[in-house]
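What follows is a pair of complexes built around subunit A, which joins subunit B in one and subunit C in the other.
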Partner chain A sequence: MIKAILIFNNHGKPRLSKFYEHYNEDTEQQIIRETFHLVSKRDENVCNFLEGGLLIGGSDYKLIYRHYATLYFVFCVDSSESELGILDLIQVFVETLDKCFENVCELDLIFHVDKVHHILAEMVMGGMVLETNMNEIITQVDAQNKMEKSEVSASLKICYLDQIQ
Partner chain B sequence: MPAVSKGDGMRGLAVFISDIRNCKSKEAEVKRINKELANIRSKFKGDKALDGYSKKKYVCKLLFIFLLGHDIDFGHMEAVNLLSSNKYTEKQIGYLFISVLVNSNSELIRLINNAIKNDLASRNPTFMNLALHCIANVGSREMAEAFASDIPRILVAGDTMDSVKQSAALCLLRLNRTSPDLVPMGEWTARVVHLLNDQHLGVVTAATSLITTLAQKSPDDFKTSVSLAVARLSRIVTSASIDLQDYTYYFVAAPWLSVKLLRLLQCYPPPEDASLRSRLTECLETILNKAQEPPKSKKVQHSNAKNAVLFEAIALIIHHDSEPNLLVRACNQLGQFLQHRETNLRYLALESMCTLASSEFSHEAVKTHIETVISALKTERDVSVRQRAVDLLYAMCDRSNSKQIVAEMLSYLETADYSIREEIVLKVAILAEKYAVDYTWYVDTILNLIRIAGDYVSEEVWYRVIQIVINRDDVQGYAAKTVFEALQAPACHENLVKVGGYILGEFGNLIAGDPRSSPLVQFNLLHSKFHLCSVPTRALLLSAYIKFINLFPEVKGTIQDVLRSDSQLRNADVELQQRAVEYLRLSCIASTDILATVLEEMPPFPERESSILAKLKKKKGSSKLPDMDDSRKNVNGNTEFVCKNNGVIYENQLLQIGLKSEYRQNLGRMYVFYGNKTSTQFQSFSTSVSTALQLNVQEKPVDPLIEAGAQVQQILNIECVSDFSDTPVLNIQFRYGGTLQNIAVKLPVMLNKFFQPTEMMSQDFFQRWKQLGAPQQEVQKIFKAKNQMDTDVTKAKLLGFGVALLDGVDPNPANFVGAGIIHTKTTQVGCLLRLEPNAQAQMYRLTLRTSKESVSQRLCELLSEQF
Partner chain C sequence: MSPSVPLQEMIRAIRSARTQCEERGVIQRECAAIRAQFRQTDNGGRSHNLAKLLYVHMLGYPAHFGQMECVRMIASPRYSEKRVGYLGAMMLLDEKQDASLLITNSIKNDLSHSNQYVQSLALCTLACMGSAEMCRDLAPEIDRLLRSSNSYIKKKAALCAVHIVRKVHDLGELFVPSARSLLSEKNHGVLHGAVVLITELCERSPETLERFRKTVPDLVQIMKGLVISGYSPDHDVAGVSDPFLQVRILRLLRILGRNNEAASDAMNDLLAQVATNTDSTKTVGNAVLYETVLTVLDIKSESGLRVLAVNILGRFLLNNDRNIRYIAMTSLQKIVLTDHNAVQRHRGTIVDCLKDQDASVKRRALELSLALVSASNIRSMMKELLIFLSSCPPELRAQAASGIFNAAERYAPSKRWHIDTILHVLTTAGGDVRDETVPNLIQLITNTSELHCYTVHKLYRALLTDISQQPLVQVACWCIGEYGDLLLKGECQETEAVQVTEDDVLDALEIVLQSHMSTPTTRGFALTATMKLSTRITDNVDRIRSIVSIYGSCIDVELQQRAVEYNALFKKYDHMRAAVLERMPVIQKNSLGQTNGELSEEPMKESQPGKVKQEETALPPQPAGQVVDLLDLLGGSQEPLQPGSSVAGSASTQLTAAPTSAGGDLLDLLGGFEPTPLAPAPTVTVYEKNGVTLTLSCEQQSESGLTVTLTASNSTDSDISGFTLQAAVPKSVQLQMRAPSTDCLPAHGGAKLTQLVVLNNPNKVNLKMRIRVSYTCQGSVVQDMVQVDSFPGL
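Up next is the complex of A and B:
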């Protein structure tokens, strides 16, 4: 099971945090800091797995992470998940973000936190992997956007009518 | 076209985020956030109804503020209102807010459940998915209660959309994890298993996850999934990569689903059906073969996906542990990975090999890779990988290679990362003992351990070396010589001084013949370290000195001078002073015969499980639900406190709780000692006692800070108002390293604590026994002996229970008869008891008569648990 998914930048600023187990706000922030501390001191070219920090469950949990330019993507998982599988999942997540935002960058995550959550929700649900097929994920996200657009334009029409009257 | 066009964001939100990012200081950021929070609050409270767009904007702002680490204590109601909106965007943002911010105990759950119920019934797949997501993410008990029956129906219904089925499967899995009792599978089992045949691979993936979890809990119910999983796996493995279209990931067919299916198969033993078994073996062989094929792509994603499947296949082979052929192939494959240039693969290969080393078929094959593993230990740049190498060396060690492995581990220890030193020390100590053929090697190894990593050598390690030296006389002379030499070093670790003091004190005579290690030289060497040592070590050295007086009468004068000096006789530490005074007197007044008897060599220690192994087990197991284990220990442990008043009632990695208690009539006083076992301060330490009405427990205040390694005491005053059966619970709360710890411990306050023993003559006893003859006054229990039947032990237990034992009352001398009075504030209850052991049948009969039915009952329960 995936216990938490964290994205933070090279300075440790959180850009997304999604916990699939309940912690209070303070603990969540401490976990983010602890995880950043563990991950950021590692060199490039070392392996992508390490034992989790104490707060998140110690050696029974693994942190599986990837570092892309300015961002760390960290998944905290228990022993029931395949390490390489999760690594692929991170890749799918990033590629999906890249398709949805067209060359995704840190700013996209900052200004569209809700979208990032929605995309993630298509892949992981309640700590379990829901879908790994990128095309399927993107189809779902597209469908959401269409609905959104149609609702926005509908409300614009109403405003427009209001003005005429 | 990008799926999210960048222009359509919310302007207000963008401006706010930019503001925050431009803040120069933390204070400015907090100020800006507070301003925004006030603004949003007033908007939510205001008279003007907000349109969907504004609500969405504000909720997004709150999410952003929350992500920055600020508490959000409002907006929940607005979010719940959004759930019932007809507009998708509003509903979606409402659900998002709730799954990020609402915890499972929120009182809003009822309202949320209502909205979810409507959405599940809407037959709109998008809305259904949102609702299922919300259930899976919050996963609370109330939700399980409300929806546990709906979700399986959605999952197996023929007309459910694929994407909804996927969500429903995972949603059910989540509820099963959080509240298994509320999600009975029973009638759905067969249809859920059948989902493995579904057309849509996404549905199969989700269903496999669900079935794996359920199969772990009740394997028999899901046995039929094995054949379906093998069939499915076989189709994937043999398919051409294009067959599975979208589920082919960088030229690998459905890697994720393959991994999940292989995991599911790991819940079961190898299939018994021969054709199924050979089909599975074929699959596994194909996967192993594919690893040898040239890669279809240079991309790392291709090899990752391929190897994810491969590692899972190897895990299944190891789990089955039945096909020697496959095991050896797996081992060779992992051997290749040990030298792969991808660090990840080296890491995983080391990890898998660790489990492979314990299989009898492949242990030898694993051993052939020893040189590679040792070089990994020396050359890997990554501590995670080095740690796996240590684990593997430990796992592959046997008598044939133990010397090499221990030597390599010792040399690695000199440069090892601090975080893993203690574990390596324990491992070396265990291997050295387990595989020691000649014990001189063992002694050398442990002394080396202390020299290289003295700070990480725990007490257990040096206790153990002394136990072994004392029990084996062939190594004693060598040990004395070696510690003597090791102590020559100008700076040596205190642990070495302890071992040295103990061993020379016992066996210094074995090397005293050599003028270079004459008694006086030995003494001067030990005493030169004395002043640099801590109090416990000094105390140990003083004992070594008095042993010297016995071993070597010629140094008696020198040692007496040392003992007599002010720094010993008037030492501020009471233990040291006492030892100095006593030892000095002993050496002055006792004859040589008496000295020789008192200071005789230590007798051999009884053989027991290595304390180091116990420690390593504890260390390894520590992270697995320590609290649950510990509390269980406590519940059982409480019975042992029925007949005694002092001792340790609770212990985990952080905290030890000890007790001393005394009782008089209906009053008791308990001294509770809280010991901080860590090197960090405990903060906000507080306690409370919850108890039944029949008891009054008054707690004296306790210090809110417990320093590292310190112990504080708390006094509890207890009053028994009337007879009771529930033991009080002591709740402890404190902060350790930022996390709040909650511990509940049952306090051993039982009714029998308020006993006053009563002596009486035989005829009085029988008279009272007859008076208490009403049926409800007597309680009798016949039970099997759990421990050995020993008269003295039984006597001690009865006395500890609180009654007076009456001799010569029962005509059968093997029986026990006791009497006492239970004091409570309201009444006093006279109690008589009779315990009849039957040694042949290993049974007891216990009879209690008291003037109160509930008292008889309770005392009988308490006492019958003791034998």
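Up next is the complex of A and C:
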């Protein structure tokens, strides 16, 4: 099971934090800080698996992370997930983000954090991997966005019509 | 106009804040505005406000006031509001909040909504934060959705079912039939969900496992399809067809094939095929191979396949990619107990990984190396482990040190090697060893009498080089105190002789005493060692006397107490000093399994015999009759001894001699010291000789508690002084001796002496007591022993 998915930048500012188990707000912030602290100490050419966190870590849990330019993508998983599989999952996630926002960069994640949440919800649900086919994910996300947009424009039309009358 | 513009403006505002304080200000203003808007009735911008609140929540600011808004948004008919509402519910609500109950109805309605995306929102939220009650309510709905024709919904329903089963185990039964039918789906997403669901069901209940064994052929078929099929653009990841699904199926096959011949046979071919056909140049291929290897090793596979699997792991170990090496070691850890020899073959590579730069790899290598230590490779492995210890990262030190100790304990080829190893560890990582190390090492040293000379020389030299490692210094002080004479003799067969003078030794101990790096415990050790040396050396006794008297006014109460008592030993009881400070008896080695909590009290008692005194505050050191050589008392019976009030030096001897009895129930610390009145209960005379009479009476205080009063009187013509009593009781009985009322018995029965003994007999064993009487009469010391087998009034 995946316990948490965190994205933060090289200075530790959180860009996305999704917890699949409940912690209170202070603990969540502490976890982000502790994870950043552990992950930022790592060299460039060491392996992508980390153990030894205290708050969200423990004997059964590992942190699997990948560093892309200015962002760290960290998944905290327990032993029921395949470590190499999660590494690939991170890769698929980033590629999906890249397709959804053309050439994704950190600013995209900052200003469209809700969209990133919706994309992630199509991939991981309840701490378990849901869908790994990039095209399938993108299709669903696009359909949902279209639905949302059509609703907004419909309500705008109504407001406009009200105003005219 | 995209719906999130106001959110983006706020984000821009927050980012432009230059200090933390400014940012807090911006966020507080925004939160106030959001709160005000929540209180208003419906306006078009509700979803924006909640989105803003969620952003603020991610940054770490309180957002609980948004919970009710989430509930309202979820109930709204508009999709955009529902979307944000459900997202908010996942982030802000959990089972402990009352508001989460309110969304149960909305979720129920949305699960039957016509729009699949609304259904999926509800499923997603239920899977993330559904409480047990919600799961129970909605489980039938989920089961219905598992049978729907929409694969998008089916895959989400499958994972939702997994969450439900995790929350409420009994509901697993409900999903078994649907799970079975899902296996015939073509859609990979649904298949994936189905396999996860079946895995969860099988892990929870063995009966379900039995039923799902029949699906092994189907699973094998699906896998074959994935492995053999050519390139399929949909699910391809770097050349491997849907590796996620392959890994899941392999894991399920592992669970189904465990301990079952028939199922394992059905899988053998498939596993061989996967192992040989998968491309291992990319990470994905390795993920599948790794899972295959674990499966092969866990089921009852044929031997050829097992060899293949271990070879693949060996190849992984030699891979340049650190990730692969890490994974290989993780899997070797899982099989080291069952396939020990196979893993031993790779010992060299594993030991090399100890030197890798990567801390994660080092951690894995350390655990594996410790598991691979055996009697045949102990010497070479220990060399490597000690090198590792000197350069390892600080977070692994404690684990490495304790692992090394365990290994040395189990497989030490010789005592000398064992002692050397422990000393090496103490010098390199002394700060990270556990507390029991000091008494364990002392016990080991006393047991190795032939190496006392060697040990004390080595320790002395170690002490001279470095006094910062506290455990090492403590052991060194203790040894120098005990075996100082061997040190001064100068010659030693095992190591080169070094001429050490008495002054050198005392200098070393004084440095320890005065150093700011020494903890109070260490100082205590050093002071006692100095005192012991007073009988082992000849010339510098005055120097010792002066050191000891200086500490008589030390601020630390422990040291002061010791110093005062040692001073008394010099002044009033000089004739006893030799007896009090003689060599310790050999401590019986407790077997490994008996290290109980009490054993760790040993060092406390060892190093702080004065602690015993702290509870009695200013008890004057008890005079003669406390002949310390208790071996005959203990040798005769296997009962732990509870001493009466005693001198500090003798206390340490007695207390450490106590564990001599097998199983060493350690002593209760001496209790209070208020003199208690004589108990009027029935008395019996237990001892009568040479005019000295001892009577005993007892009173039952509680279920298992008993108070025994001993009364002594003297009917001879001369006064008796230094009268003391010591008592020993059976192992399971706890004994506490209170201070005696006096220690002098005037002649002709002028006054009586009483001493209270409190017993606790929780196991209700047959109560016996052995009492030793000692006193001085007319200048001669008399000692006697009596056994009491029956207690009056019991």
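Everything that follows uses one rule, which is that the second predicted complex is superposed on the first by the 163 of 165 C-alpha atoms of A that agree within 3 Å, B and C clash if a C-alpha of one lies under 4 Å from a C-alpha of the other, contacts with A are read in each partner's own complex, and residues count from 1 in each chain.
In this section, a residue touches a chain if its C-beta (ideal position, glycine included) is under 8 Å from a C-beta of that chain, and two chains touch if they have at least 3 such contacts.
Every value quoted in this text rests on a predicted model; they were computed, and no experiment measured them.
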Is A:Asp43 in contact with subunit B, with subunit C, with both, or with neither (first, second, both, neither)?
both
Give one of first, second, both or neither to describe whether A:Ile138 is in contact with subunit B, with subunit C, with both, or with none.
first
Touching partner for A:Leu87 - first (subunit B), second (subunit C), both, neither
both
Output check: A:Glu106 vs subunit B and subunit C. Expected answer is one of first, second, both, neither. What do you get?
neither
Chosen between subunit B and subunit C, the partner touching more subunit A residues is B
A:Thr27 contacts which: subunit B (first), subunit C (second), both, neither?
first
Is A:Glu51 touching anything from subunit B or subunit C once the two structures are fitted on A? First, second, both or neither.
both
Can A:Asp60 be said to touch subunit B (first), subunit C (second), both, or neither?
first
Overlap of subunit B and subunit C contacts on subunit A, residues 14, 16-17, 20, 22, 25, 29, 43, 45-51, 82-85, 87-89, 91-92, 110-114, 117-118, 121, 125-133, 135-136, 140, 143-144, 147-148, 151-152, 155
Subunit A - residues contacting subunit C, complex:
14, 16-17, 20, 22, 25, 28-29, 32, 43, 45-52, 82-85, 87-89, 91-92, 110-114, 117-118, 121, 125-133, 135-136, 140, 143-144, 147-149, 151-152, 155-156, 159
Subunit A touches which residues of subunit C in the complex?
1, 3-4, 7-8, 11, 15, 44, 51, 54-55, 57-60, 62-63, 78-80, 83-84, 87, 94-96, 115, 117, 123-124, 127-129, 152, 155-156, 159-160, 162-163, 188-189, 192-193, 196, 234-235, 237, 242-244, 247, 251, 283-284, 286-287, 290-291, 321-323, 325-327, 330, 357-361, 363, 395
Listed in rising order, subunit A residues that touch subunit B in their complex are 1, 14-18, 20, 22, 24-27, 29-30, 42-43, 45-51, 54-55, 57-60, 80, 82-85, 87-89, 91-92, 99-102, 108, 110-115, 117-118, 121, 125-136, 138, 140-145, 147-148, 151-152, 155
So in the complex, which bits of subunit B are touching subunit A?
2-4, 6, 8-9, 13-14, 17, 21, 51-53, 60, 63-64, 66-69, 71, 87-89, 92-93, 96, 100, 103-104, 126, 132-133, 135-137, 139, 163, 166-167, 170-171, 173-174, 177, 201-202, 205-206, 209, 212, 246-247, 249, 255-256, 259, 263, 301, 304-305, 307-308, 311-312, 343-344, 346-348, 381-382, 384-385, 622-624, 737-739
